[in-house]
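Before we start, here is the structure in question, set down as structure tokens.
Going in written order, the chains are labelled A, B and C, and every chain counts its residues from 1.
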Amino acid sequence: MNGQIGVYVCECGPNIKDRIDIDKVLEDISSLENVKVAKRFPLLCSNDGKKFLEEEIAKEELTHLVVAACSPREHEQTFMTVCKQAGLNPYLFQLINIREQCAWMIPDKEQATAKAIQYIRAGIQRVAFHRPLEPKEIDSIPDVCVIGGGISGLETSLSLAGKDRRVYLVEKTDSLGGMAGKLSKLLPYQGSELSSVEAKIKQAQDNANIEIFTSSEVSDVRGFLGNFDITISSHGESSEARKIQAGAVVVTTGFGLYDPGNDSQYGLGQIDNVITALEFEEMLGKDKLLLKSGKPPKSVALIHCIGRKELGYCSKVCCLYSIKFAHRIKDMSSDMDVTELYMDLCLPHKSDQAYFDEAKEKGIRFIRSGEDVLVKNKGTQIEVEYDRDGQKDSITVDMVVLAPAMVPSEGTTALAEMLNIPLDKTGFFKEIHEILDPISTPIEGVYIAGCAVGPRNIPESIVQSQAASGKILSSLIPGKKIKPEVKVSEIREDFCTGCQTCLSICFYGAISYDPIKDVSVVNEVICRGCGSCVGSCPSGAIRSKHFTYPQLYREVLEALR
Amino acid sequence: MNSTQKDDKSEGKAGKILPAEDGITSTIITFLKKSLEEKQLEAVMMPSKIPNTEAWTWLLLQDESLLASCNPLPPVMTVQGGKALSNVTKHGDLHEKVAAVMRPCEVQAAVELLKLKQIDLDNIYLISVDCPGAMPLQDYMADPEKTTKAFEEAFSTWGENESVRPVCQICHQFSLPLPQQSAPSDNSPPKNEGKFPAADLHIGLIGGDGTNVFLIPATAKGKELLDKLDLSAEDSMANWESKVEEIRERKFNKRKAADAEWQAKTEGVDNLAAVFDDCINCHNCKSACPVCYCQQCYFDSQLLQFSPESYLGRAEKRGALRFPLDTLLFHVGRMSHMALSCVSCGACEDACPMSIPVGQVFTMMGNKTQDYFAYTPGLDRNEPLPLQIFKEDEFGEVETPREGAEAPAEETEKNV
Amino acid sequence: MSKAVKIQQSTEDGLRSFFESLLQNKTVKGIFTLRKTNDEGGISYALITDAEDLKNAVPLYPQMPTNAGKILSDFTLLEPIQEPVAAVLRPCELRAFTELVKRNHGNLDNVLLISLTCGGVLSLKSLRGGNGTKDLSSYWESVGKAELAPNIRETCNTCVQFIPQNADMVIATVGQKDMNKECTIFATTPKGEDYAQAAPGSTVSEEMENEKTQALMDKRSEQKATSLETFKNNQSGLKALIKTFAPCLGCHGCRQVCPICLCHLCDFDSKTLEYQPVNVRSELNQKGGLKVPPGNIFFHLGRMSHMAVSCVSCGMCSDVCPVNIPVATLFSTVGDALEKVFEYVPGRSLDEPVPEGTYKEQEFVEIGEQ
């Protein structure tokens, strides 16, 4: 091996110096054949330290650099930058952790020293097999494609659109606004009226940097962060496909409503005057609260939690809007009898409890009815049977309003497949981490926001839309180049039989199949270097650029000597 | 290349009966000839004897006269049929309608290769034949005449024949899998349960007493071919079906016994090493195996090249180190890569120069691992390979709770 | 005249004693030789580092489970061995190793090469199962009498290279009628002489090649001539080749075990030579039929053109063939002819370059003139 490896041990102030016999380490390391020089330095991450390393690389004509110091999480990048500045490929470098993994956890100095030597020797063996890797830079397109023109889509588009950034807003139906647009009145404490959704629609339409496609769908997505090729197809006779390019995609496809079916316990579609919340909204919007007979009802039952048991999750907003309905009914006619039947009450926000108390004060009855609610015909009225603490009870009303659960909107599965993003058990789009990363997907550049991710209310959707926009604004800067992962996988064509096992394993969709050459191909821009494909290939045709077999084997062999 | 074929299974078990006046082989050849003449097929692939020799090979033919030396069931399996078909369609469709006449395990291998994208079955009619087994290749090479005669006897003794290869003696996939509605039980052979069958057409010999050959369509494609040929005589296959079931039950029980036997024989490293003691690492088993498809086997690659110092170190640790190295690693490694797709064809055992019972050991491992994943290789084109799909809820029983973690509390009134 | 050590023990015991002293004196770190894996059979090459384990060593067992030259090549492929190791290998295995070293696929540093005058090896097929318990008396009797031994590989029967070249030490077996009492090890290089000092025996001067070895040489030459005649009459020409390779499965086992075949990925296993649908269709349409898998004869002729000039006639290829094709006889015969044309003997000398890699301006002029 023609390598000239330089090994530098950092004293790290007292951290390493006091706990490891550095001179002993240097003595041992210097005796190794391929080590040109082994020195110590007080604090390598300091400006002096970095300068020292840069000078050493040049002076000693080092081909590889090994630094024994702290954790790579601390200073791997620091020293890689030093290499770059010294003209040494930054991947011909290895940082050995003798602080967190030696000095800080082994009290006995002799033991700690011995272990440090073992680690450093192992690292030297590994680094000898490193290959120079070239980081890539690719141009990115700052434009964004937003799929779904409801409140989330509108908010996202308005936050993103600008002189240097176009937004393509694609909406399946013929109008913008989504479900929020169908509401007659937003909850009082949420501020202004219906006009806020209308205002946003108008803002979007007036914005020259937002191109709106209604009655259209995204029919094909190819590419990766910064470089998506998207086909938008429109419905109808002149169904032309329009191809656009975008750097990011935000999925804001909203939700649908659970349909309990025609022979369910709720009588929907069977019994007159049993309607859904959406239908009720429409009535309220026209200010006409009437039964099928044309007369106004005298009593209304609002049943919450439709589908909660079947689907296994709470839809969060139905309690609030059902209480809203109750308030509206009472406001229209104070002697109307209003009863709310629920499994559990969901009142999480600041003003919700007070709203609920007010409802009770207005005489609206709340009954915790459990799961087994049965809606039956009773002459011209409706009987609602329920179970309370083992005892059967019932009320008789003129009208029943069902609050159905939120379900993923139609086309979610197809869209997920197209974008190669996962769905969770409930069928909504799956965020990377429910708590810590709620709007990202495994595919870089593809974000999800609003009810497409799961039941949430309008303020939450707005926040998520702004979050997605924020992520895009800070990462997809016009003119900025994207630096994809360098330590990716690569496939040796001659050894690949095109069985596509790696393709089916790849979580990130980074592998595609070339039918002409009959091999799989790694897209080095999308690849995150996780190595799953390397493990899956039975023949070893695919390998990691920075975790090659010789590198790992030599390191482990030396460590176990 | 298609990854899966979308097709329905044919309903019921109606077929055609062909009287076999000139013997089974010539009846089948005549049927194929007719198909070629009427242009329902453009080529046929089946085993053929090489003129002036005792050797068998696969022949892909358009010229009908070449059918004269062909035989759907030669006494030996030389190159595994699935592998042979892959050799000519690995890089795409031939764009000619080809009937490939093979033993059932060869059809299964072809289907596994389809899932592995190493074969193209568009325009291929897979035709399987009731198979009495195959004779050990070594026996045939030593005395072709005697072995051929013994093979012919196998057609009358069918499920009870002990001169065929050991893996054939315990093979319960020797015929067309029958779709059944009943749930599988431990003591009976697994039913096909209406899955997409591997073959398009099946040639039934069992229950025909040598005087009749049954042509049974298994897919719509197969039925179409059969219908187009306008053959006379249509009858129910009840006789064939019941006889096949009977033999299948017997063989399935034999298979279970063999699995138990081999499991005991190979339990623990010492026993396993003893079985593979004679192995010279020629890798013939890997080369003959139809589902070993890697361009370069991992165990032939440079990834397993180490320094002399490490070899010496290993030798010193034990006092002696056998060469070539890592014999067991090769076998166990190969097993871990392909056992789920093992169709128990026995090509490996035939190819072994040291007569190691590779096929029998791998069959046992294949059976066990396939049961574990409830997977049957080559049976259903739409059944995905277990190693290529992820199921979140799987093998919960092997997940042990982390140390210190409490077991889930029992539900009480208070908790709820 | 050559220096030799005579140990007053049976040849095999004498060897074990010699190896024991080598290990115990720490003159070598390990002995590479044939070894029994257990009492029931199973012979394989092994690197023995513990003197205690030498009781399992069977250095002269007439079996070649793998060509030792190939193993030594794998052993020293990445780097030379840093510590001395003694290796016992047959003349053809040593020649194979030499050929590999010439191609940069092995290193001779620190290897003490011990070979033997070789009576041949029994075919693998005759040794399947329970090897260690086989009755070898008739074999050793023939070897002692310098006669053709029964049941040995076809290529052993026609081998005239059974006296090793380039070994440091040579164990005498052919023509040695007192092998059960005496062990004779020739030291044929200064290095060999050096190591011989560790042998527990007396030094003598003897001729390695004598009338006995000559007698076997004559018999083998005769066999070789007959074999060549048979080949010329029955096996040459395309028709004959087709018949010979008719049963071939395309398993490429012959290539796998061949010591000279060193390619990491053989051309004939690579994608280059795989049939595309257009190739299949065109052959099918032109000839009406196509043997599947195709390219059978092409593989063999191709392999021949790549390695026959270095073929050491070890016979591993025939032994692993599942369908008993006499690959070794064929390749050996053609190899001999090729070697004559180039005046090249594989393994004769490290300094003799491989014909493919050398250019001589004046060569095969007669072909050009035609």
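The definition used in the following text is that contacts are C-beta pairs under 8 Å (C-beta built on N, C-alpha and C of every residue); 3 or more make two chains touch, one makes a residue touch a chain.
Just so it is clear, the model here is predicted, and its values are computed rather than measured.
Peer 1: Please state whether B-C or A-C has more C-beta contact pairs across its interface.
Peer 2: Spelling it out, more C-beta pairs touch across B-C than across the other pair.
Peer 1: If I average the C-alpha coordinates per chain and also across every protein chain shown, which chain's average lies closest to the global one?
Peer 2: B
Peer 1: Using mean C-alpha positions as chain centres, tell me how far subunit A is from subunit B in Å, no decimals.
Peer 2: Averaging C-alpha atoms per chain gives centres 44 Å apart.
Peer 1: Roughly how far is subunit B from subunit C, going centre to centre by Cα mean, in whole Å?
Peer 2: It comes to 37 Å between the two C-alpha centres.
Peer 1: Could you state the distance in Å from the CA-based centre of subunit A to that of subunit C?
Peer 2: 63
Peer 1: If a residue has to touch 2 or more other chains to count, which residues of subunit C qualify?
Peer 2: Only 265, 270-271 qualify.
Peer 1: Enumerate the residues of subunit A that touch no fewer than two other chains.
Peer 2: Counting only residues that touch two or more other chains, subunit A contributes 494-495, 518.
Peer 1: Please output the residue numbers of subunit B that touch at least 2 other chains, ranges allowed.
Peer 2: Residues 90-91, 295-296, 301, 306 of subunit B each touch two or more of the other chains.
Peer 1: Residue numbers of subunit A touching subunit B in their complex, please.
Peer 2: Listed in rising order, the residues of subunit A that touch subunit B are 494-501, 504-505, 515, 518, 536, 538-541, 549, 553, 557.
Peer 1: Going by the contact rule at the top, pick out the subunit A residues touching subunit C in the complex.
Peer 2: So the residues of subunit A in touch with subunit C come to 494-495, 518.
Peer 1: How about subunit B: which of its residues touch subunit A in the complex?
Peer 2: Checking each residue of subunit B against subunit A gives 1, 3, 90-91, 116-118, 293-298, 301, 303, 306, 310, 337-338, 387-389.
Peer 1: What residues of subunit C sit close enough to touch subunit B in their complex?
Peer 2: Touching subunit B from subunit C are residues 29-30, 32, 35, 37-38, 40-42, 44-50, 52-53, 56, 65-66, 71, 74-83, 85, 124-125, 128-129, 131, 242-243, 246-247, 249-253, 256-257, 264-265, 269-271, 274-277, 280-281, 284-285, 287-294, 319-324.
Peer 1: Mind listing the subunit C positions that touch subunit A in their complex?
Peer 2: 265, 270-271
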